Amino acid sequence: MSSSDIRRPSGRAFDQTREIQLTRDYTRHAEGSVLVEFGDTKVLCNASVEAGVPRWLRGKHQGWVTAEYGMLPRATHSRSGREAARGQQGGRTLEIQRLIGRSLRAAVDLKKLGEFTITLDCDVIQADGGTRTASITGGCVALVDAIRHLQRKKLIKSDPFKQLVSSVSVGLYKGQPVVDLDYPEDSKADTDMNVVIAESGELIEVQGTAEAGTFTRSQLNAMLDLAEKAGAELFEHQREALGVRG
Amino acid sequence: MSSSDIRRPSGRAFDQTREIQLTRDYTRHAEGSVLVEFGDTKVLCNASVEAGVPRWLRGKHQGWVTAEYGMLPRATHSRSGREAARGQQGGRTLEIQRLIGRSLRAAVDLKKLGEFTITLDCDVIQADGGTRTASITGGCVALVDAIRHLQRKKLIKSDPFKQLVSSVSVGLYKGQPVVDLDYPEDSKADTDMNVVIAESGELIEVQGTAEAGTFTRSQLNAMLDLAEKAGAELFEHQREALGVRG
Amino acid sequence: MSSSDIRRPSGRAFDQTREIQLTRDYTRHAEGSVLVEFGDTKVLCNASVEAGVPRWLRGKHQGWVTAEYGMLPRATHSRSGREAARGQQGGRTLEIQRLIGRSLRAAVDLKKLGEFTITLDCDVIQADGGTRTASITGGCVALVDAIRHLQRKKLIKSDPFKQLVSSVSVGLYKGQPVVDLDYPEDSKADTDMNVVIAESGELIEVQGTAEAGTFTRSQLNAMLDLAEKAGAELFEHQREALGVRG
Amino acid sequence: MSSSDIRRPSGRAFDQTREIQLTRDYTRHAEGSVLVEFGDTKVLCNASVEAGVPRWLRGKHQGWVTAEYGMLPRATHSRSGREAARGQQGGRTLEIQRLIGRSLRAAVDLKKLGEFTITLDCDVIQADGGTRTASITGGCVALVDAIRHLQRKKLIKSDPFKQLVSSVSVGLYKGQPVVDLDYPEDSKADTDMNVVIAESGELIEVQGTAEAGTFTRSQLNAMLDLAEKAGAELFEHQREALGVRG
Amino acid sequence: MSSSDIRRPSGRAFDQTREIQLTRDYTRHAEGSVLVEFGDTKVLCNASVEAGVPRWLRGKHQGWVTAEYGMLPRATHSRSGREAARGQQGGRTLEIQRLIGRSLRAAVDLKKLGEFTITLDCDVIQADGGTRTASITGGCVALVDAIRHLQRKKLIKSDPFKQLVSSVSVGLYKGQPVVDLDYPEDSKADTDMNVVIAESGELIEVQGTAEAGTFTRSQLNAMLDLAEKAGAELFEHQREALGVRG
Amino acid sequence: MSSSDIRRPSGRAFDQTREIQLTRDYTRHAEGSVLVEFGDTKVLCNASVEAGVPRWLRGKHQGWVTAEYGMLPRATHSRSGREAARGQQGGRTLEIQRLIGRSLRAAVDLKKLGEFTITLDCDVIQADGGTRTASITGGCVALVDAIRHLQRKKLIKSDPFKQLVSSVSVGLYKGQPVVDLDYPEDSKADTDMNVVIAESGELIEVQGTAEAGTFTRSQLNAMLDLAEKAGAELFEHQREALGVRG
């Protein structure tokens, strides 16, 4: 089957992301609060500032950025049990929140942050594939708002913000590299890759998995090309939401 | 201090509720999905239909309605730990979700529901007092949508819906009975009471607590008068949202 | 059916409580130790005094009163699993112990208690309905003994005791208001209400639930009348046990 | 120091047990319910009969006897946390309940018991040393009552009861072998041994620990002599409580 | 600093792996038991065959391959708490065992495996970096032995084995791409990447993280070149251990 | 059946232990690391030294020795679930690690140890009966190495080592006393006893259980004679491994 015969379920072009929306100040209490939408995937990213750092960082004159991830029980097609009721966060949840935290730390100079902890709570209101990439992309905007809050309150002097960070998924759908997979594609993809990108275009994280079979170096490169292109668009969305120029 | 000297922090009249909004179809996947707003308190109420009943009801030819309650970590002024991360739902959470489930079962004839379970997930997006009363009021609308879904899919024949159920808080603020307390009032109230009301005006649940001191029978009656009046308004909101006449 | 046709399973009059017994010094180690019996319901209420307060009260120059509730596995007709073995206290347990603690704090001036914590352990030896109301009624006597212990040991100077607190259940049994429901009534009651009363006759807590159907304001009032009358008797039992005059 | 210079804190003779009491039918619901007292140590032993056996015994045409052990939080001098609240049974609790179960299975022919499970709940009301030996001794009487219940209800045909089982502690107190240690002795003993004995006088379990230092074979023999003598007395108490002849 | 100035702490060449050893039949009971050593990193990989599949696969006429990962408390420089004692597997553990399971499923045709589950237990005896890559590489050999066991016992007819799978880490150490990082390198690496490779040379999983800063596409390619070369060597070790020809 | 007709499954004489091996420095990181083998039972005993003592010992100018025990999931004939995955250590595990810790504390003068904690991790690599006795015997050698480490580093001045401690199982196999039971014997033994012995020949712990039936005083004595004889051999193995004279 030649790639020209393949159509994405959504009708999108291979290199076309879903509609991206970043709504700031979505809730009132958090220092940064962003609703990020990648099409039908909707994640509320709240950034909370707290004085102090985890025990193992005390006295090191630096701050910390961490993340927690959750999914409302009926964010998905069928209801999944509440992790709080099961008494444990699942492996997938822990893996995703470790990824989000690691990625967003690349946006910040922790030394300049001072002894503050910023926690990003990424809670999925509605899921349609790509919740972790949306979380990173929206979480970064909330993180910037939290940093601005610290600056506005004159709690920190220098600017700890280093660079925007965004993330998008790419994959092989019926052998064809595609960008920003929604659930119907994601559940059938041969290979699924999450890419986290710095504003410079360089890479922060690459996590690619052959769900079935394997993938070649040239397929990897084709997917990374798509991710780079989408990343440039995501940074544009982030800058626009934040009211800054690229 | 005479009651005429007391002003509510919000400037509302003693018998005035906050602005109530009920937005149906807030998310896509749930059989009923309602965002309920009591002023700045915002709760997403998703109703999920599942075939089957809990083990202890099997073979009894009836259905079940239950609820789970959660609060996003930064729904509140300061961040509270994620219950899933702590590995346990707290006593307050369990108490609230038991109340919601009990209240909403009063809206349904479980025999006519057949062997289906409807689970109401009430997740607080933003908290400003009264999250449990908002959950019951919004949850009832989501519950009606879930029942309509079962009817539309011809999964049940007779109509299990019995009556609307709504809930509002009342309390003594500086000795004065007031309705629908927001957080600034709630945190200072002498007495706090949650009332669950049936469309008939009769009572389903009364939970009154003297946070400090005690309250008299006549104060109890004054508070219940306020709750009855507000209940009538809430039923109007519910009927309007559902497109039915009172 | 007129109320004159209805008979309580126990043969008691509608406004008649079960036989109440309060046995002080039931065990040796606790600063207050009371076995409370409401008929066949038997609860051991031990009050333990510990120096210090929970972390969130430190430095506030006040004490704390809290409660824990448990049921021996075979306190009931059929054995229920041990919560320690299940690794979690159930929602009902947490709800009850929160109620007991809240109610008993109304008996004490926490400022005058000083930085001591009094923990009431209410463990049900045998259950026949009304374990939470018995716990509050017996727990209050154990609490007074614990306060006397602090005074005797000259650990506190002023007297933190404010007022006796007692509790009784009322309900609608076959439509008829009755007081102090035992298990056969409780399991069939249309409405079940737990009332916590101060020695002044005013109310501390009212928790009424329509298990089936609804209840009216006038039924509520009839039930509260019964509770007030029974409360007066319970205070008499408490005063007699403590050797004080009303 | 010669043994004649040593006095037990209680003034008891070296081979003298505390006052033993076995009160049957202590609570109403359990098939066997015995309050056992070894002096100030008081344990409520409830035996519950349930149809069926644990999964791993299904289809093996035999029954099961098991035990659970708990201590009320203020059974001891200072309050210890509730295991249900900590979310886990401690190692000491698990070790004791395994011992009780194992010991009481020696009293029963599990084949003749048929597919029933008898669970002994041993809950310590007041502790003063020797709670596990009291639990075994009292639990055996409750077990016999549970077996009689099965026979009376004609649920089993043959008699699964094999022999009485009792237990007592022995130890070295200031180098001197003593029997049935109370808390003041137990907390200072050099060696502590729990012995479970069959009615025949033979041994079921011997658990001896040198808390400090070591013990010799001849000391072991002296302690076992004391245990044998006390065992004979315990069987007499059990038979008397059960109304049977030795 | 030019790359010619950089030396690896171990003195190895940039493209040189540590000494690899695969010892089959390391323990007696498991159907496959391999001690894998990547230098000082030693992992015991036991493959267990069990009839049946997890609940969600029942009736789908296929088998399952899964993995669990653990680290002995003192496998590392300083002792880390035992996960069983903490009552929970950490996020890192869950992430690693999900990776191992996913990677090894690429070695097997689950349909041909039939309704058997093969569980790989990868327990780290001694850690010096690269425990997850060693686990995959050694686990694959144990998996082959488990499959051979099923064939030898004539429990399966067709051969479910598809291809060998191996894994190696690559990274940027002082900006220089290096292969098979030991702990001193790993703890200082700018970028760390784990690559899982199929015998065909194609990729199964790529997980690259910039621990500090970012990495470029050309650095990514240089690292993947190293991984491919090392993978070829690892397959040679696996084939030799298994006594098969490439 | 006379004892001369009974043969042990292994063909060993009644008083013959399995082949004992103690391999020091088995892993690199631990301050003491011993692989102990009692025939096919293999346990890795790692001793870790940490500064400080548990909270309840602080300020008492003494050290602490404790133990944790684990079994690799496939150390046994069939795979058993990982305790870390189940989220709890089982009763058997807790009982064994309490025994190991208690036994090894008899080898050390805790006052002379100073404020250090030595933790023995005993992890069973392969099980064939007697894992707890092997753990104590091997753990003692690792403990001595950890003490030597403290002395070599001049962290303690006086020598806290008091005496070697070893352990062996004895039992009644078909009525015949035998020593060091392997799994085939252990699973069929009528009585099973674990004995912990001090280098002086005196007893530290005796734990005997009649798995079926009972045992007599003379059988107990015959078993203890076997344990004493085997203990002397075990001390010889320990001294040889440590390079010291008896």
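Going by the order they are written in, the chains are A, B, C, D, E and F; count residues from 1 in each one.
Here, a contact is a pair of C-beta atoms (placed from the backbone, for glycine too) under 8 Å apart; a residue touches a chain by one contact, two chains touch by 3 or more.
Predicted model, so just to flag it, every value in this text is computed and none were measured.
Among the remaining chains, which ones contact both chain A and chain F?
Looking at chain F and chain A together, the chains touching each of them are E.
Can you give me the shortest step count from chain B to chain C, moving only between touching chains?
The distance in steps between these two chains is 1.
If I superpose chain C onto chain E using their CA atoms, what angle of rotation comes out, to the nearest 5 degrees?
180
Where the CA atoms of chain B average out and where those of chain D average out, how many Å apart are those spots?
So the centroids are 51 Å from each other.
With centres defined as the mean C-alpha position, give me the chain C-chain D separation in Å.
About 34 Å, centre to centre.
Where does chain A touch two or more other chains at once, residue-wise?
In chain A, 87-88 touch at least two other chains.
Would you mind giving the ring's chain order, read from chain A onward, with chain B coming straight after?
Around the ring, beginning at chain A and stepping to chain B, we get A, B, C, D, F, E.
Once bound in the complex, which stretches of chain F touch chain E?
Counting only chain F, the residues touching chain E are 27-30, 33, 40, 42, 44, 46, 48, 50, 68, 70, 72-79, 82-89, 93, 119, 121, 123, 125-126.
Considering the complex alone, what residue numbers of chain E touch chain A?
Residues of chain E touching chain A: 88, 90-92, 94-95, 97-98, 102, 106, 193, 198, 200, 202-210, 213-217, 220, 224.
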